[in-house]
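Two complexes are shown next, each including chain A; its partner changes from chain B in the first to chain C in the second.
Here is the complex of A and B:
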């Protein structure tokens, strides 16, 4: 990788800053054991009340990830009643996770009942109509895994919803929704791309993957 | 036929007639007022024993009549009405010329074929009794049954559909599913969709779901959007009329579906959607006015046309009457005919027969294709059928 003309390697980086960045990333993602090990190893300063909130978030996150959306909703409402009330999109996504779980368990009558009572009211808003139709189409198949909407049954989709929920809870707790690590990587990527354009290089654009390998 | 000019002329006549009527009424009202005024004067004079000079009163009345001038008032509008009426009469004569003999020529038509065309029209329209009666009158009752049979089935299906019963249509669709799929028709899905909505409307959600899994899921990959919408309806069981999908309940959907079924049914029979007779009449109605006009202008050309192979003037027909491609030879710039058909050369390019004969000196020598460097042997050229 070419060295940047601005000679950034001369900049001193404080270890504490790096520790805080890593720690915030671990806390954000609820890696409780890793957080404890990291604090023990580095002697980093322990954030206040982080453990209790992290435990709750971890449970909620895992319930959402497993597809047990009703439990995730229940725990979220215990933690902060208005999170879902103020975030209709998230509420819809969580309810649809439960619907998908019922479909996967072949509980079609139950799924239909649930969709009509809980998801139906969202149908009055056009922005949910398309999504609703996607979910309802799963019912047309005896084997929904083989349907064109199979992505709705995937772990990736559940991960996406769980991430959104986690971010919403963090925002409610007045914590950053995105980790400093993510932000720094995004910023570094943009800066490198700008510098590369500025220098007028004809080579390929900056790639984070390649940079990490070098 | 273009009737808007006739309608405009008729509207002008009615307008002038109304104007004339109101002007006449106006003049009569003015006269009546003057007379009533004079009568009042005479009456009051009688009541008060006043001396009244009747001559003066009548002279005043006469003067006011002259001032009103009712005749000249009515004359102008009446004149305009007469002009409009005369024009309208002439326009009617021009457009509805009863003598169409100038625009056709007598051709020997096989009576049997003509009878078949007429009977086919009756059966096509579902007028079975008339068709049977016609066939027995012309002495061909035996061919009636063969012609009638497929249309009887079609009209039984359509009649059931009028009563919102899709069973016969669905049975027909499942029997002919492969043929319909080959022709690229989605009538089977449309029928199942309609039945699904009907089941759902009757309020049974589970039954509708079962129906969807049985009959709609096979179409999911090819008609994903349709299936998604139909499955979305399940959220509104019992209140579909107040749902975003209320358009699915429109009665016009049944009419459209019936029309589509008739189209596909005729297609499988190898018949056109409209009977050949109705197509001929409709096309004839479009072609007749320009031909009549031409024959009126070129009265002397009648005999020439009798021997022609094509119409004396180019006639524009709507797209619905264009059933075949037209080939114009790129060499001779002439339209292909039965005697001069398009021919496919070994290189893949197409010319008309006469151009090939000309270029090959009556098939005696090899010639170069005008479009590519290929050498063409006239004997290897194949006739194309559009």
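Here is the complex of A and C:
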């Protein structure tokens, strides 16, 4: 007989699998102390190779998150030369983070010089050109925080760039660039959506948030 | 012999009856026909009345602002005097100067440079009002004066007005002035209005936006109502010139003051221009390189001309073009573009063909055939007749030929000889 995924109450879950999933999440996000504490409590296997570069990754991530893009770039290049060389999109995003930082600090002259020397060369490609126009327009406003492009100055935007950088570093280290947690959630969501379609339900589409509340 | 088909291709000419023929057919139209004729004319002549009226309104608004400004100055002067501890003599002098200002009079010892300028400005404004009101009146009189007796003269005057209009739009100001003067047309043409435009256009051609910006400020409410972005375009160009000069900090200050307010409605254009700061003037990136080209100033001139004509209620095309195209649209047929188009047809000339290119072909309800021999129309009174060789000529021409040649017909195109009795009458559909 076919297994009905909705009868998950009958499915046995291995504790080790759960531990690995949680561990994967903590490692991905550089929660080093939490990792050590978790391992001590659960008696899980020590993943020595994971911890080596976590400190470096953590520092890079935080520099990017707080907008210190130049420092993040410097440390990333120390880790490995070709991470950014092979990823122009990420390179542009990091450089633009620095530009935004200069604009917010009201350093127009520096921002201008930086734009001409570092961002200008990207302008030959259409996909960067449009982004560049968005960033340059910030200069036209005395208070960029109140301009139509205010989203470029937000924590959310920096978070997005920092995440991209983190994934790139993980990929370079031959580690998973997505956590097991993410993959499981994506998989579960897609499966539930397919089941809803096949059953021809007229109800609302599957919502993880609603599911977890029920 | 019987004819299976008629080779009419060479004989079809879409030449309508000319206006002159119409006039000849009706040499003395009754007085009552004057009104419809005038009504038709006004459909193309609305700017004849509207331009001086718009000019008059503009002058009135400017004068009103000037008067308000003077009144405010005088009132605050009085308030100032009341608040200050002036000696009787000083108070008298102060009040006298205010009275002089109100009366627009100059008196020795009581005027400064600014005051003199203000007085002259008021006087000039008043005189301008009077002249423009007079011009409106002259034009109304001119339209009323059109009647059967002087229609020829009236049309001649209109022709000259149209030519002056064309010259002014093509920037041939001196020639326009001479023609207007020699024909005594000064009040019937808009030379002073175009002189105003000339100042702005000359400045733009010298890469100077100040007069254009001043013009935009003068007409701010009208331009806003029509959603004009003329001012924005001028500001963008001025910004580009700062970037070209590598005056980047001034460019940024300029953008914050003059460009940012337009961001809500024209963000894409704003962003594209601001981005030039990252590329400099010698960029090879075509998207931005074009912004630094000299022809951008030509676009500004064209844009200004359009806005200017729109504001004054003028046609965007010269009147001459409009009249010519109206005529050509009645003359245009596929035959006009063939090699054997007759020389009499205006469309045999390249200049007219160009002007007629976007126009539709004229709608001919009936064929109109012109005799190859006499050049006259062939109609029911003068029907076409077909020779045995298929060529068609008018009855009158063939009858006359038969009389001269003992009843024999000689085809002028092929030399064929036949008897008049062999001809077959053709019918025009």
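By definition in this document, the second predicted complex is superposed on the first by the 208 of 214 C-alpha atoms of A that agree within 3 Å, B and C clash if a C-alpha of one lies under 4 Å from a C-alpha of the other, contacts with A are read in each partner's own complex, and residues count from 1 in each chain.
Going forward, a contact is a pair of C-beta atoms (placed from the backbone, for glycine too) under 8 Å apart; a residue touches a chain by one contact, two chains touch by 3 or more.
Please read these numbers as outputs of a predicted model, since none were measured by experiment.
Aligning the shared chain A places chain B and chain C in steric conflict. When the shared chain is aligned, chain B and chain C each come close enough to touch A:109.
In the superposed pair of complexes, A:129 makes contact with chain B and with chain C alike. By the document's definition of touching, neither partner reaches A:175: not chain B, not chain C. In the superposed model, A:140 makes contact with both chain B and chain C.
Comparing the two complexes, residues 108-109, 112, 115-116, 119-120, 123, 129, 132-134, 136-137, 139-142, 147-148 of chain A contact chain B in one case and chain C in the other. Residues of chain C touching chain A in their complex: 248-249, 252, 255-256, 259-260, 263-264, 267, 270-272, 274-275, 277-280, 283, 285, 287-288. Residues of chain A touching chain B in their complex: 108-109, 112, 115-116, 119-120, 123, 126, 129, 132-134, 136-137, 139-142, 147-148. Residues 205-206, 209, 212-213, 216-217, 220-221, 224, 227-229, 231-232, 234-237, 243-244 of chain B touch chain A in their complex. Partner chain C is touched in their complex by these residues of chain A: 108-109, 112, 115-116, 119-120, 123-124, 129, 132-134, 136-137, 139-142, 147-148.
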